[in-house]
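Once you scroll down, you'll see the structures, which are given as C-alpha cells.
One chain, chain A, appears in both complexes that follow, with chain B as partner in the first and chain C in the second.
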Partner chain A sequence: MVLASIALRNLVQARRRTLLLSTAIGLVTTLLVLLLSISAGISDNLVQSATTLSSGHVVVAGFYKPSPTLGAPLVTDASKVRAIVEAKTPGLERVVARGRGWGKIVGPGGSVQASLSGVTLSDEPGFADTLQLAPRSAYLEGGGPEVVGDARRIGEPDALILFASHARRLEVDVGDLVTIVTEQTDGRSNTLDVTVVAIARDMGMLSSWSAIIDEPSLKKLYSLKGDTTGALWVYLDDIAESERTMTSLRTTLAQEGYALMDYQPVPFWMKFEVVGGEDWTGQKLDLTTWADEVSFLMYTVVAFDIVTVFISSILLIIIAIGISNTMFNTVRERTREIGTMRAIGLRRRQVLWLFMLEAIFLGLFATTCGAGLGAVLALALDAAAIPVPIEAMQAFLLSDTIPFSVRPLALSGSVAFLTTCTALAALWPSYRAALLRPIVALGYTA
Partner chain B sequence: MKPAVSLQKVVKDYPLGKVTVRALHGVSLDIQPGEFTAIAGPSGSGKTTILNMIGCMDVPSSGSVALDGTETSQLSDAQLTRLRLDRIGFIFQSFNLINVLDVRQNVEFPLLLQGKHSARERAERVSRMVERVGLAKHAKQRPNELSGGQRQRVAIARALVTNPAIVLADEPTANLDSHTGHEIIELMREMNEKDHTTFIFSTHDPRVMECAHRVVKVADGVLA
Partner chain C sequence: MLALFIATLAWAAPSSDELVGMLKVVDDRQQNNGDWRSLVYIEQKEKDKSDLAYQAAIYRRDADDKLVILFLKPQAEAGKGYLRADSNLFMFDPTVGKWERRTERERIGGTGSQRQDFDQSRLADEYAPTFVAEEKLGQYTVNRIKLAVKAGIDVAYPVVELWLDKATGNVLKRQDFAESGRLMRTTYYPAWNKLYSESKKAEVYFPKEVWIYDEVEKGNQTKVVIQEVDLKPLDPNIFTKAWLESKSR
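Entry: the complex of A and B
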C-alpha cells in the first residue's frame, strides 16, 4: 500500500514527464482502438452483407443432378427439408428459402453479370429493413440526396433490387425496366423483363456482383417447380452457434435419410466443378455456415488486422524505448532515495515493485484515457459516415463509408495489452534499481 | 552483558581500478548498550566505513562484525535488510527523507515496512515521535517545506519510531548551522538518556564530540 502511495505521488511529482509519457501512450492506445474499430466494422459488415446477400447463419443447400454431368444448386422437396430443420434446430430464429441464380442484367448503359438471390417477401417480411437504400446521388449523375424506391415492392411480380454500383453502370433509376438473361443447365437461355423497385447502398465486394429478385420470377427464369428452392437460410438466436448447429443438422438430415455432400468450407459456386466431376445423380444436400459462404472475403479482415498489428507494433516499440529510457532516468535521479529506502529496510523485491507500480499506474491511466478517446472518436466518425470515394477501397471495407464498430472487449483488451507492455518496458530499469546495493546507491551523486 | 556492537580485526579493502585501497586496517571495537558514542576523525579516516559495517550496509573484507552477539557477515541480503529494519535506525548527513511523503508519512514508513503494527498502533507511535521531536505543527508538511534542522528532526523520529537497538548517524550536524547542530545533538542525547538506545555517530566537529559519552578516534583506518 505504501509502495502504491509512493508510486502515485512520484507520478504526480514528476507531472510534466508523466503528462508527456501519458500522452504518447494514450495516443497509441487511441490509434489502436480506432484501427480495431475499423477492423470490427469490416467484420460486422462482412457478417451483415453475408447474412443479407449470401447466407443465413447456417445454409442448408445442395445440388440436384438430373444426369452425372449436369448439376444445379437446388433443393428439391424444400418444404420437407424445411420442416425437419425447423423441428430439429435448437435456438432457431427463423428459416427462409432463397432462390439462387446467375444471370446477365441488361440496361440502357450496358450489362453486368450478377448473382441473383430470390426472395419471397411473405417468407421474409422483415427483409426490406435489412437493406439501406442509396440516395440518387450514389448512382445517377446529377442525382440528389433523395432516396426513392421501396424495398418492400420486391414482393410484387417481376421486381428487382439493384445495388448502387450496378445501377450506375446500367444507368438505371427506380421504375426503369431491365432485362435478365439466364442460362439453363441444358444450355438454353431465358430472358425476363423486370422493374427496378429499389436501389440499395453498396455493401462492398458481395454487393458488387449481387442483385435481389422476387422468387417467382427467378423460378420462371429457370423453369423450376413450386417446391424447389436454391437454399434454406437458417437464422439462429446466436450466430456463435452456427458451427455447432450445422454439425448437428448434418447428423439429423443424414438420419432422416438424406444424402449429404462432404463438408467443404467454401461457397456453393466454388463447388460446381467438384459436383460436375462426380457420377451420382439426384439430390444431395450441402450444409455450410455463413463464414464458409464468405470465406473468400475473410482476407479483408485478416489483411486489416495485419496492418493494425504492424502499425501498432512499430509505435509500441518506439513507446517502449521511450518508457524504458524514462524509467532509467527516473531510477538514476532517485538512486539516493532507493539507497535510503534500502538502508531503512526496503527489500529488493519491493524496490522492483515500486518502479513497476509507477509504470503500471502510468500505463493504466494513459491507456484508459486513450481508449476512452478512441471510443468517442470511433463513434463520432461512424456517425459522420465518412464516404470512401474509391470503389476498390469500398470493396475492401465492404462498405461505401469507413465502418467503425466499438467493441467493449477491444477497449478492455487494448487497455490490458498496452498497460502490460508499459509494465514490461519498465521491467529492466526496475530490476536494475532493485539490484542496487544501499551503500552504492547512497553514495551516488546525480 | 554482550556488547551492542562488536568489531573484531575488521579490514576493508576497496578495489580502485587496478589497485586496492585499504580503508580499515584491522579495527577492533566494542560498544556497550546505551552508549552515546562519537566516532571522530578527519575526512577519509574511515568513520563512514565503520558505520557502514555496523549498519550492515557493507561487509568486511576480513574480520567480524556482531550486533548483540549476532555475526552479520554470513547473513543473506534479505536477512541483513530485515536486521536493519528491526534493529537499526539511520540518520543521514543529508537527511535523506522521501520527498513525496509528508512528515507523518516519512516517520511511518519503517513501521509500514515492518508490517507488524495495526494502523491505530502506527498512528499512536508516529504521533508520539513527531511530538517528541517538536514537529507536531508540521506533521502534514513535505520535506521541502521544512528547514534543515526540522528535516533532521524528522530523520531522528523516523530512525527511532521502530524502537531500534542502535541508531547510526553519519555526520548528522554537518549540513546544519552550529546552533541547530547543537540542538540536534541535544535531542539525540535526550532520546539516548530516556530510551537507553545506543547512539553511534560520526563527526569531525570538536564541539559535537564534547557532547558524547565516549569518543572513538579514527585516523587512516585505525583507531587512535
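Entry: the complex of A and C
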C-alpha cells in the first residue's frame, strides 16, 4: 500500500514525463481499439450477410441427381424433412425454405452473373426488414437520397430484389424489367422476365453476386414442380449452438433413413464437381453451418486481424523501447533516492515492485483513457456511416460503409494486454534499480 | 383444275420423313467417318468491352463422339482446352492445372460460341422437325424448319429454327430458343466449303464462317472462321486429358 502510494506520488511529481508516456500509450490503445472494432464490425457483417443471403445458422440442403452425370442443389419432399427438423431441433427459432439458383441477369446496361436466392414471403414475413434499401444515388447516376421500392413486394410473382452494385451495372431502377437466363438441371436454357421491386444496399462480397427472387418464379425458371426447394435454413436461439445442432441433426436424419453426403465444411457451390463425379442417383442430404457456407470469406477477418496485429506490434515495440528508456532515465535520476530507501530498510524486491507499480499505474491509466477514447471514436464513426467508395474495398469490408463494432471484451482485453506490455517494458530497468547497492547509490552523482 | 392440283403438289409442305431426311443430309454432309482437325479463329465483340480474338485447334473423332478444343492464342489463353468424352464436357484450365465438368451451354473460352458450334451435327438424332414455310432469305429460297428436342436428349436449346437452302440443302441460318420460348441466339452460315474425305469416301461439308449473335444481350456477337481443315487420321492420344494437359507444360 505504501509502495503504491509512493509510486502514484512519483507519477504525479513527474507530470510532464507521465503525460508524454500516457499520451503515447493511450494513442496506441485507441488505435488498437479502433482496429479491433473494424475487425469486429467485419465479423458482425459476415454473420449478418451470411445469415441473410447464404444460410441459416444450420443449413439442411442436398443434391438431387436424376442421372449419375446430372445433379442439382435440391431437397425433394422438403416438407417431410422440414417436419423432422422442426420436431428434432433443440433451441429452434424458425426454419425457412430457400430456393437456390444461378443465372445471368440481363439489363439495358449489360449483364451480371448472380446467385439467386428464392424467398417465399409467407414463410419469411420478416425478410423485408432484414434488408436495408439503397438510396437512388447508390445505383443511379444523378440519383438523389430518396429510397424507392418495397422489399415486401418480393411476394409478388416474377419479382426480383437487386443489390446496388448490380443495379448500377445493369443500369436499372425500381420498376424496370430485367431478364434472367439460367441453365436447367438437364442443361437446357431458360429465361424469365422479372420486375425489380427493390434495390438493397450492398452487403460486401456476398451481395456482389447475389439477387433475391420470389421462390415460385425460381421454380418456374428451373421447371421444378411439387414439394422441392433448394435448402432449409435453420435459425437457432443461439448461433453458438450451430455446430452441435448440425451434428445432432445429421444423426437424426440418418436415423430417419435419409442418405447423407459426407460432411464437408465448404459452401454448396464448391461441391458440384465432387457430386458430378460420383455415380449415385436420387437424393442425398447435406448439412452445414453458416460458417461453412461462408468459409471462403473468413480470410477477410483473418487478414484484417493480421494487419491489426502487425500495426499494433510495430507501435508497441516503439512504445516499449520508449518506456524502457524512460524508466532507465528515471532510475538514473533517482539513484540517490533508491540508495536512501534501501538504507532505511527497503528490500530489493520492494524497490523492484515500486518501479513496476509506477509502470503498471501509468499503463493502466493510459490504456483505460485510450480504450475509452477508442470506444467513443468507434461508436461515433459507426454512427457517421463513412461510405467506402471502392467496390473491392466494400467486398473486403463486407459493407458499403466502414463497419465499427465495440465489444467490451475487446476493450478490457486491450487494456489488460497493453498494461502488461508496459509493465514488461519496465521490468529490466526496475530490476536494475533493485540491484543497486545502497552505498553505491548514495554516493552516486549524475 | 389440273394446273391447280399440280401447283398444290408443288407447294405442299414436306412430309415428316422428308424433313428428317433434310436433317440427315445436313448431319451426314458434315460428318466424317474418320478424324477431323482444323484451325479456328474466334472473334468476340461485347458491348462496352474491347474486342477479343482467339486461335484454337479443333480435333474431332466422329466415330467415338470425341472432341478436343485447344486454345493456342493469345498467350494468356494458350493451353486452355475442352474435352468431350462420353457425353461429358470437361474444361482444363492450365493456370490452376485443374479439370472442371462443364455443361452444354458452356461459352467456349468465354465467347458466344458453344460446343455444338465445333462438334459434329446431330440434328436428326436430337430433334424432331416440323415445317414452317418456304421463304426467301436474302437471295436464297429456303425451307424454314422448326425443331423440337426429343425426349430424354440433353441439349442447350430445346427449340431450334433452321433455314435450309433449298438448292444446296445447307444450313444458312439457325435460331436457338430457350425453354420459355425466348430467342437466345441467331447464327448465320454465310458460306460452306467441302473437302474430300478418304475415310468417308465422300465430301465433308463445313462452314467457312459462323456468325453468332446474342439475342438476349444485344450487341454481343461472335465470329468463327474455320481454316486448315485436315481429315487425316489423328493420334488416339489426342483425345485424352493427359494430352491436353501436356500442351500447357
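The rule we apply is simple: the second predicted complex is superposed on the first by the 446 of 446 C-alpha atoms of A that agree within 3 Å, B and C clash if a C-alpha of one lies under 4 Å from a C-alpha of the other, contacts with A are read in each partner's own complex, and residues count from 1 in each chain.
By definition in this document, a residue touches a chain if its C-beta (ideal position, glycine included) is under 8 Å from a C-beta of that chain, and two chains touch if they have at least 3 such contacts.
Keep in mind it's a predicted model, so treat the numbers as computed, not measured.
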Joint occupancy of chain A by chain B and chain C, clash or fit: fit
Touched partner set for A:Gly187, first chain B, second chain C, both or neither: second
Chain B versus chain C as contact partner of A:Ser223, first or second or both or neither: second
Which of chain B and chain C A:Thr179 touches, first, second, both or neither: second
Touching partner for A:Val106 - first (chain B), second (chain C), both, neither: second
First (chain B), second (chain C), both or neither touched by A:Glu243: neither
Once both complexes are placed on the shared chain, angle at chain A toward chain B and chain C, C-alpha, multiple of 10 degrees: 150
Touching partner for A:Asp158 - first (chain B), second (chain C), both, neither: neither
Contacts of A:Gly276 with chain B and chain C, given as first, second, both or neither: second
Distance of closest approach, chain C and chain B, by C-alpha atoms in Å: 70
Set intersection of chain A contacts, chain C complex versus chain B complex: none
Touching residues (chain side chain B, partner chain A) in the complex: 52, 55, 57-58, 77-78, 81-82, 84-86, 90, 92, 94, 96-101, 105, 108-110, 112-114, 158
Touch list for chain A against partner chain C, complex: 69-70, 104, 106, 110-111, 179, 181, 183-184, 186-192, 223, 272-273, 276-277
For the chain A and chain B complex, residues of the former touching the latter: 1-2, 5-6, 9-10, 12-13, 336-337, 339-348, 350, 437-439, 442
In the complex with chain A, residue positions of chain C that touch it: 47-48, 87-88, 100-101, 103-105, 149, 154-158, 176, 178-180, 182, 184, 216-217
